[in-house]
Amino acid sequence: MAQAADPPRQELLRRMNMATGGTSALVAMRKELTAHLRDEPALKSLDGDLKHLFASWFNRGFLELRRIDWQSPAALLDKLIAYEAVHEIQGWDDLRRRLAPDRRCFAFFHPALPGEPLIFVEVALVQGLAGAVQPLLVQDGDDDAARQRAQRADTAIFYSISNCQDGLRGVSFGNFLIKQVVEELKAELPHLTRFSTLSPVPGFRRWLTGALADAGEAETAALAELKTDGWWRDASRSEALRPWLMRHCATYLTRQVSSKPPIDPVARFHLGNGARLERINWLGNAAPRGIEESFGIMVNYLYDHGTIEANHETFAHDGTVVRSSDVDALLVARQRRESSASI
Amino acid sequence: MAQAADPPRQELLRRMNMATGGTSALVAMRKELTAHLRDEPALKSLDGDLKHLFASWFNRGFLELRRIDWQSPAALLDKLIAYEAVHEIQGWDDLRRRLAPDRRCFAFFHPALPGEPLIFVEVALVQGLAGAVQPLLVQDGDDDAARQRAQRADTAIFYSISNCQDGLRGVSFGNFLIKQVVEELKAELPHLTRFSTLSPVPGFRRWLTGALADAGEAETAALAELKTDGWWRDASRSEALRPWLMRHCATYLTRQVSSKPPIDPVARFHLGNGARLERINWLGNAAPRGIEESFGIMVNYLYDHGTIEANHETFAHDGTVVRSSDVDALLVARQRRESSASI
Amino acid sequence: MAQAADPPRQELLRRMNMATGGTSALVAMRKELTAHLRDEPALKSLDGDLKHLFASWFNRGFLELRRIDWQSPAALLDKLIAYEAVHEIQGWDDLRRRLAPDRRCFAFFHPALPGEPLIFVEVALVQGLAGAVQPLLVQDGDDDAARQRAQRADTAIFYSISNCQDGLRGVSFGNFLIKQVVEELKAELPHLTRFSTLSPVPGFRRWLTGALADAGEAETAALAELKTDGWWRDASRSEALRPWLMRHCATYLTRQVSSKPPIDPVARFHLGNGARLERINWLGNAAPRGIEESFGIMVNYLYDHGTIEANHETFAHDGTVVRSSDVDALLVARQRRESSASI
Amino acid sequence: MAQAADPPRQELLRRMNMATGGTSALVAMRKELTAHLRDEPALKSLDGDLKHLFASWFNRGFLELRRIDWQSPAALLDKLIAYEAVHEIQGWDDLRRRLAPDRRCFAFFHPALPGEPLIFVEVALVQGLAGAVQPLLVQDGDDDAARQRAQRADTAIFYSISNCQDGLRGVSFGNFLIKQVVEELKAELPHLTRFSTLSPVPGFRRWLTGALADAGEAETAALAELKTDGWWRDASRSEALRPWLMRHCATYLTRQVSSKPPIDPVARFHLGNGARLERINWLGNAAPRGIEESFGIMVNYLYDHGTIEANHETFAHDGTVVRSSDVDALLVARQRRESSASI
């Protein structure tokens, strides 16, 4: 039956793939399609066929992990600048800092798309669990000092993961990438003991605004305060908001996976991979986008080899979010607060 | 529906492919299966699923054509010796002759099976259309003379094509290989004007024996003669048989594709690719296997860029075998003979 | 005797070279020496020994020519930016323009200094003999248009040659580089018919000022005019100076090789290689350095395969500068002028 | 003075080296010279100039160490078969055994002679100090078993070193090769604790015959016995000769470096490198050449990182041969014997 159901269009697409540059043309075609899917629903099945084929062709077994550094071709580095989707790269000097000796960058490649990264991750080698991203993005230019920092580091912080190919939308690489990079780093730097992300919380502001739409006066006042410019630069104002926001963020991130509205997409990705919600960081990203999305809050998801499988099972089974005691403490604070009834 | 029909087993196989060495293990698994298919029909659908996946994964767009020569790794050359299926390679000295400067060897590789050829073809660069294979297999050891022969050659003879992976049985590479090698050779040696195989006729003896089972005395006597040892080394005996055998072979090779018993598998392959039945060669292969299969007869199938598309269409449309006037002449001789009623 | 004279210090240096990174360390050591040669003459013989060894080790037979383009490692491109000595590269965007599809860049490398260019040349593929450098340094960003220009080009302009290693001072690579790049370009782009430099005239102003120190009023006035700012941007002023300067420049460049002060170093290099003094270009380089050195004048030296050997012989034999009729015309104009006695 | 003494012929040779393939041609030229040196002494200075240049060009800092295994190009392996000078390689099957997973082969290459080994060494990974070579040359064909033996090995036995280029005669690579291979092996297989050669004693028979020319009856009888065929295959005869031969061999190998006739060339090489005379092995090589040269005796020279420098100094200073207590015991046996006055 599978045979019979195999649509002739898939066979046609397989034939198109045989031509020189065929894979690249098909990936570009699907990217092109995206813009028209809404208006021409007839294209949806073509899109589905392409996705089905790509999921088969871009099977993890066919991908090649490669480290990217300052010895990589300029044409490839150019693409990193273009594709970085989380913390924009501001030109070649910035790029060079991100490829310094205490940084690592890895990407997946497919043999039929030479020179084209499919997805890449940027890693900082640091001491302790980094809670703010700006310090990771600046770095003094001294390569020797950076090399020494790498030797002293105990923690690898995955601070940016970017998918590069719109045409491969829906074909998932991130989980494999993180886990294989963890293995690579362990082999290269045996003294690393902690592997964690430093991740955005893209859905927090939207959720909070909705959740508190009809809340009391205090909540409304706080939300209004958060709309003023620069509140986060004024220590007294920001400190006043901190416990309240941290509490709500912990609530937001620990809701069951089946909640409405749906849980944060970044959380879902890492929790689904088996990571643990490790720490919620106040003002981890004070860039405009960070403030806009999550009032500057950033989150560490910890990839711990020993528990990853169990975490994944727990999350997959009933949607329970595995979290550290730090996060639990924030939630308890919330409960206590709630019982004592004020913000 | 295609989605729904996609068997869960295929998904499982896709997951197995993600592991290191997964592709190689799956190809080996299908090879293993083969031996058990007859006894355990339940394995047939697993075999079918694997074939379906392999056809997708080993799409021509993912294959890499590579030239193989004396600079290739010994571990790879070792495999040529093992995999050669048409004219056995008798050790390293023989192999070296086949990779001499007036020979070419090309293979397809897949990125997930590094160092493992999928199929390879051996080519001799000669003057004129070679009709016998033994002269192609011996060669004086002088590389400079061979280089000069390559420069003077006007014809490329494809004298051996071998599939290497039993596990990829039924996934077809040969057509693409021949056509791409023709392009490679044209680019390297622009003075080549003719591209032809020198091919066996594996089904001829079996067909002839069957076709003449109830024939007259003369036919029976001829068949008996052909069972004696060494008839082909005795010029007078072999010349007496020649016109009769050549005629029958022309008949055998030009039967409609739908005939019973089916047409020769080698003929079907090349004719289906758009080649032309160019010449039938008397005693083209006097090795035991050649005598056994086809009384030593070998065939040239010509790949002519200008007519390949039309030939393919003709053959695909109604099974008509496109052939040269030489072959036609043999057939006419047959008709004349038949009307004048004797062998 | 040679054996006996081989100083023990050379043997010591040879031993230092055996260590990992030895060659690189010795080249760096000689660079370091340079600064101290004037004050400590005792270092001169060490400098001489190093130069002698380097001339042997960096024999042209051991150098590898490699094309540099946007696929080259960023770490290497970084060095081009640092080493470019003729027309400064203003960062990565400028560099990218210089490596566009209608540009070529080649460098010599030595196996013991991987990733370190010894010398590199930048080439522009154009139509006609380019006389001004600024148009070659700007370029629209469209790669396809550039590719088409490369296909239509009939002339390769060598507009910048930079030595990269101070420690290899006095070991000459430029002659070999130009000639081998000419061969590479001919092989890649057979429609190229002209290979020429576009070169500065670094000694012209100094020579002219000296030569006219005690000249008449008119000369003194002209020299004074040339010291004013922006004379070259004022068409009427610059046109008035043009014939006078062009004439003097032709005189400067065609003096015998043994003249005092010595002939222009760039001229000596190309003429010694067998190039012909082809054309003197008015305002070929209006950048500050070009105005400062040579009042903006630039020169084409033509590398013509058929005459290069004879030109070299002529120049080596009696210092005669082989030149085009265009240059001769400028000189004749001078003689006529001189006989009619005014500037 | 060095400059002045640099013969013009060397400059000419340097120019010849600039052409494509120049280095290769010059090395071939010196090889050619060798045959004529005796008859035409005028060629000696050309030979000397070439040797001087080669010593400079083939400085260890320019050589590249590469491992050779079954993945190496067949064209390179072909050369191993041709160049092996110590224990002849009997074709491809024998070669494959020497490149099995419990063997290692390394060679030096020079960038100007790609694909041409300069010198190579063959190593066996074993348990304990191997004293006989034949067991190292045969091996069962099972790669997995060989891999396990490599993992269990504590000793690397260097059993064959061959110079490949006659034209580089007198330019020494062996010392560097052994020491760098020791480093490579330590890095790959940290459980290796002993690095030793298993070496021939090419001058022993000649020396012994000379030394005992006028000795007593017993000696003469022993020498006569040693001329009979197959004495070494007869246990009783060979055991009778053993203590006497071992004693003499210990004497032969421990003579002062300045002795007449000169000490064994293989001993001089390894002792000069800083190795220790570790063990003298009875019937270590029963092949005809081994019997012929040294009555089958082979020797282990031990390369021990901690003492190599001191051993080298001792040997270089006064020619004292550093040896193990095992060797001393043989010598003491001799002295005791001598004082008790019999063979």
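General remarks:
Letters A, B, C and D mark the chains as written, and numbering starts fresh at 1 in each.
In this text, contacts are C-beta pairs under 8 Å (C-beta built on N, C-alpha and C of every residue); 3 or more make two chains touch, one makes a residue touch a chain.
For clarity, every value in this text was computed on a predicted model and none was experimentally measured.
Under the touch definition stated at the top, chain A and chain D share these contacting partners: B, C. With centres computed as the average of Cα coordinates, no chain lies farther from chain D than A. Residues touching across the chain C-chain D interface largely coincide between the two copies, over half of the numbers being common to both.
Centre-to-centre spacing of chain A and chain C amounts to 51 Å, using the average Cα coordinate of each chain.
With centres taken as mean Cα positions, chain C sits 60 Å from chain B. Contact annotation for chain pairs lists A-B, A-C, B-D, C-D, with touch applied as defined. Residue ranges of chain C in contact with chain A, taken from their complex: 70-75, 77-78, 91-92, 96, 115. Residues of chain A touching chain B in their complex: 1-7, 10, 14, 17-19, 22-23, 48-49, 52-53, 55-57, 59-62, 64, 111-112, 176.
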